[in-house]
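In the two complexes below, chain A is the common chain; its partner is chain B in one and chain C in the other.
Now for the complex of A and B:
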């Protein structure tokens, strides 16, 4: 049970990044490679708030959210908008570049040694269903579930959310219906940044603030994204938890050395057996 | 005469222009001769090592260029292959045979095997999924290294790899440098010859559009795999040199930063350039070397290069530097410049509507240039074809036929399923029900197999690859006819030379006869729309098709171009080609077609000769509204 719970808490991080991928992907058709690096930034801003400035948790969250949102917006402005909606291979390169740039700047400011970020609440271990879990992990899991349901509802029922889905379906048609496609993309990147920022304070106590956190997490979260299927927020969440559980179970019963290779095989199986994931829709009509 | 030929050859050799017409070898060759001499003219050991490492990175970057710059897939397996090969040769040199030649051969074999195994699953998927799976390979390296510590040295790595021997003779640092330069020279010669061949043209086509590529009868997966495996080889060679020169490798040598650096190196030298890889590699080593002092800046520098480079590439400005080089090259005496090349085409007539005789010759020559198949009757049958997208039924039980020596037109309002039908015939879509057969044999529902059965097509929006000259675009249609292997292309065998001459001659003649002769050596993607349409038609004709599918070929054409098009279609009919045309220009259709099929909401609502269709009340009501039954559809004043 403890392994399952720790799987869920690691999975929550993957789910969080995968949700960020989805949010940006739905509204702009772009896979934002830098999403995990934004979460890294969130953990460092949490470090600044909690350790450096001794701010209270609310102010720390606000600061981290604002910081990551701004960086997300800058990324959109600098690395995405100049491509002017031409979805080609260029954004493969520019978002990888944005990730490298953010990680590079983080390393310049804070170095590459992991920094400890204490949790603001209780640190006493809880026992649930016979398994043991720390409170910050539990809050992170609940946060991710609530977030994904809230976003799901928002996309399904609000005008703004529906407009984003319309853009995902067909950019040209959406534009003809009077939807400001450019603004959708800006909102998407801002939301992606905000999600990363809010979570920093919940993620950091477990992962520490470490500059290359995004590299492995970003790739593992992609498995969650692929498993859930592009365009599906609930899929990304379920995918994230599933990947987290696989990771912890393999680490416990086989050895941590075999985690990444197992996940690689899982990724290949997903891409071959169900390229649309669990909840994704297929796209036809290419000409 | 021979002097003209001589200056031409000279001009080509010195040219720095890309495209098959140029990319000479003289300047790079001079550079390499300099490199070869460097180790022997008193370069100290430190700089020799720097030179070797620059070569190592240049090799890897050239592999990235092949898959990313030419084939258009961000597949980064090169770093993993580099790592495997470095470990393999470190193991060989320390524990088995310390011979650089053996290590190099082993590395090439390993690179090809790993390239095939890692490439095949990823390339099927493409796009982001491929990029991510290949990134994933890189984070697997430290794990795999620690899984087999007695072979790889575990976390310690190999820290005292001896300088290798070659054929049993101990090498000095200078001699090792010399070997590195020779490998560099051999690989870049291979790379250049590979890119400047039909295979390079096919790769540029693939980068633009997999649909177009398979419509030319080329297997997309096979071509991607070819590029990926070819790109793996230099990474394998680089691994051997790295192990021998550096003397140390460990699991941290092959980091994420290295991967990012590879892409940056590729971008900065120009991802779709040949010699740019050498510049990118040199720059990488410079940054790496400086990183003793600036370690923390390297990611920032790479990030900036990727963001800026990506944007410039998308905006088509990445060629600026090369443009500058080209202009400098053009300052050379004109005899040495590359312009004289078009002399090969005798008397290019001015552009404009070509005469009827010219078009007759164009189509006739192009179609006759192989085994004689004229006189054989063909018939294309579409039987009960149904195709759904989601819940939308785009085609519902469509049955119609087309015969050789006839022009069959498919008309109908927007969204009636015309293009979908063409795509089903061409094997792009698999029909949900029914099927298509050519001469009573079922056409395969895989686009490239269908194309090999003799189906050629044009697209509603012309697909003209970037970075190719007009004649090259047309010649790309001949990839599958008289196939020339990679080995023959790279070695420039007599067969390669003959086929290259034929490709060029046929393409230029065809363009000339279609009135586009003066464009033959211009960048094709910059041509005006009507010319791009004719270019597509030429690319289809050069394939000597049995069935020719044209998707709205007249859209955007002016009066003169329409005459050319109509003449080409008539001539194709006379040559016994089965012509199927989807078109909105009713006047053109009525004038040309032998049979017209009218589609509405995915169903055939009327079929018959033009005169019947013109007076068909159902058709009139679809086009003109219900109350107008009995009216005749105006044909406008087209052609």
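Now for the complex of A and C:
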């Protein structure tokens, strides 16, 4: 059971980044490679709030959220908007550049040594169904589930959410319908940044604030994204948890050398059987 | 006579500080920006400290040392280009600190060897085949022996060792040095490896826990080192744990809660264990004060500073014994270094190289078991908090 809980805990981190990928992708049609680095920034801002400024958790979350949102907006303005209507898929390069730049600035400011960010609550280990888990991991798991459901409902039932999905499906048609496509893109990057900021204080007690966290997590979170299917928030969440559980169970019972190969085999099998991922939708257009 | 000696040095083509008032040029080509900037800056700080101490003593064979640092951004091509510029310039280097990583060193080595320029390095494997290249990294077999000796001394009833270690190149090298040392000591071992990019090593530790080792060796550089200690605590596993050289490079008290460090100790180089400055050797006191004067504070493992300091001190000592600044003479003296009564170096009890091995072999007895807790950036003595 401890291995399963550990898998859920690691999976929550992957799911969180994958949800960030989805939020930006759904609303703007862009895959933001810098999302995991924004989560890294969130952990450092949590460090500043908790350790440097001794702020309470609420103020720390607000500060980290504001900081990551601003950086997300700057990324949209500098790395995405200038490309609008120009070169197809050039943002694949510019978002990687944004990630490298953010990571470089983080390293310049805070260095490369991992920094501890103490959890604001109890650190006593909990026992659940015989398995051991620390409270911060449990809260991260719950947070990811709640966030995923809340965003799913928002996209499915709110006008603003539906407008975002419309933009993702067909930007031209959405614009003809009066949807401000540019604003959707801004909102998407702001939301991605905000999620990273809120997450920082929950992720950091497990991973520390460490400058290369984005490199470590980004690729595995992409597997979660692909596994769940592009455009599906619940898919990203389930994909993240599935990847985390597979990783930890394989490491426990097969061997850590087989973790990555197992993940890619599972991904390949699922994509062979379901090319759009577990929850992705295929769309048909009549021409 | 002096003119004759100068002519000889020039005709041999060896890099020497010929005129008596010319400086002994030390060129440090390394990555001074980016992720490795803090350790590189520490190396520069300590080298400048050694230069100031040596200059105060009259310099190397009468030549004052001039230290110049150049940023190569860890790029081997840039490193080589900077070296070539320096070699063809008016201030030809007498000693080069060739790169932060082996990649830079390898790029520069042919030029260094061709020009018979003496060079030192900290990070590399030291297996480079050059008569002018020397290295002071930790010599892994001796470190492994020291680790096993410490286990046998501190935990005499231990029969089985668990090893939690990363599966990157460095972790693999470490593991290869541990296996013969453990077997030779009559102990058995179980190993779990994991990626250095993992964010949780609970399953691997569970597997080790199930094998019920008497002592755990923890090995991870960076965040992964913290995860090992943290996940061990989260599992409620109280097995005595010793962090190896990779693990002891981490500032564990800054990474994990104090409660997670219960039962955790580190194998450490003797100078990295805290003692009040007044109880340190005179050479260490000189090192400490000189290094502190060159920078604001010690931000890296103290051994990084002492090794850099010793690099230059060894060259100073060799030049003194050779009565020459020619690279050939210094290299020869480094290979046959006579240990002085008053040692200017501070890392190991004896230092020097052999004609066959240009990697310094730190004596196993120079490693000690230390607490995971730190004071002023140094490990506290074993059992202290």
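In this section, the second predicted complex is superposed on the first by the 266 of 287 C-alpha atoms of A that agree within 3 Å, B and C clash if a C-alpha of one lies under 4 Å from a C-alpha of the other, contacts with A are read in each partner's own complex, and residues count from 1 in each chain.
Here, a residue touches a chain if its C-beta (ideal position, glycine included) is under 8 Å from a C-beta of that chain, and two chains touch if they have at least 3 such contacts.
Just so it is clear, the model here is predicted, and its values are computed rather than measured.
Legend: residue contacts after superposition of the two complexes on their common chain; A:66 is shown touching neither chain B nor chain C.
Applying the stated contact rule after C-alpha superposition, one finds that A:248 touches chain C and leaves chain B untouched. Look at A:257: by the touch rule set out above, it reaches both chain B and chain C. Contacts of A:216 after superposition on the shared chain: both chain B and chain C are touched.
In the superposition on chain A, A:118 makes contact with chain C only, while chain B stays out of contact range. In the superposition on chain A, contact of A:132 is made with chain C only, not with chain B.
Contact with both chain B and chain C is seen for A:104 once the two complexes are overlaid on the shared chain.
Contacts of A:165 after superposition: neither chain B nor chain C is touched.
In the superposed model, A:145 lies in contact with neither chain B nor chain C. Touched by chain B in one complex and by chain C in the other are residues 104, 107, 212, 215-216, 257, 259-260 of chain A.
By the touch criterion given at the top, residues 34-36, 38, 167, 192-195, 197-204, 206-207, 222-223, 226, 234-236, 250-251, 254-257, 259 of chain C touch chain A in their complex.
The touching residues of chain A, when paired with chain C in their complex, are 2-3, 6, 9-10, 13, 104, 107, 111-116, 118, 123, 125, 132-134, 206-208, 210-213, 215-217, 248-249, 251-253, 256-257, 259-260.
Within the complex, the chain B residues that touch chain A are 68, 72, 74, 121, 124-125, 128-129, 131-133, 135-137, 139-140, 143-144, 146-147, 211, 256, 260, 263, 267, 296-311, 313-315, 389, 419, 423, 428-429, 459-460.
Residues 31, 78-79, 82-84, 86, 88-94, 96-105, 107-108, 212, 215-216, 219, 222, 226, 257-261, 263-264, 267-268, 271-272, 275, 284-287 of chain A are the ones that touch chain B when the two sit in their complex.
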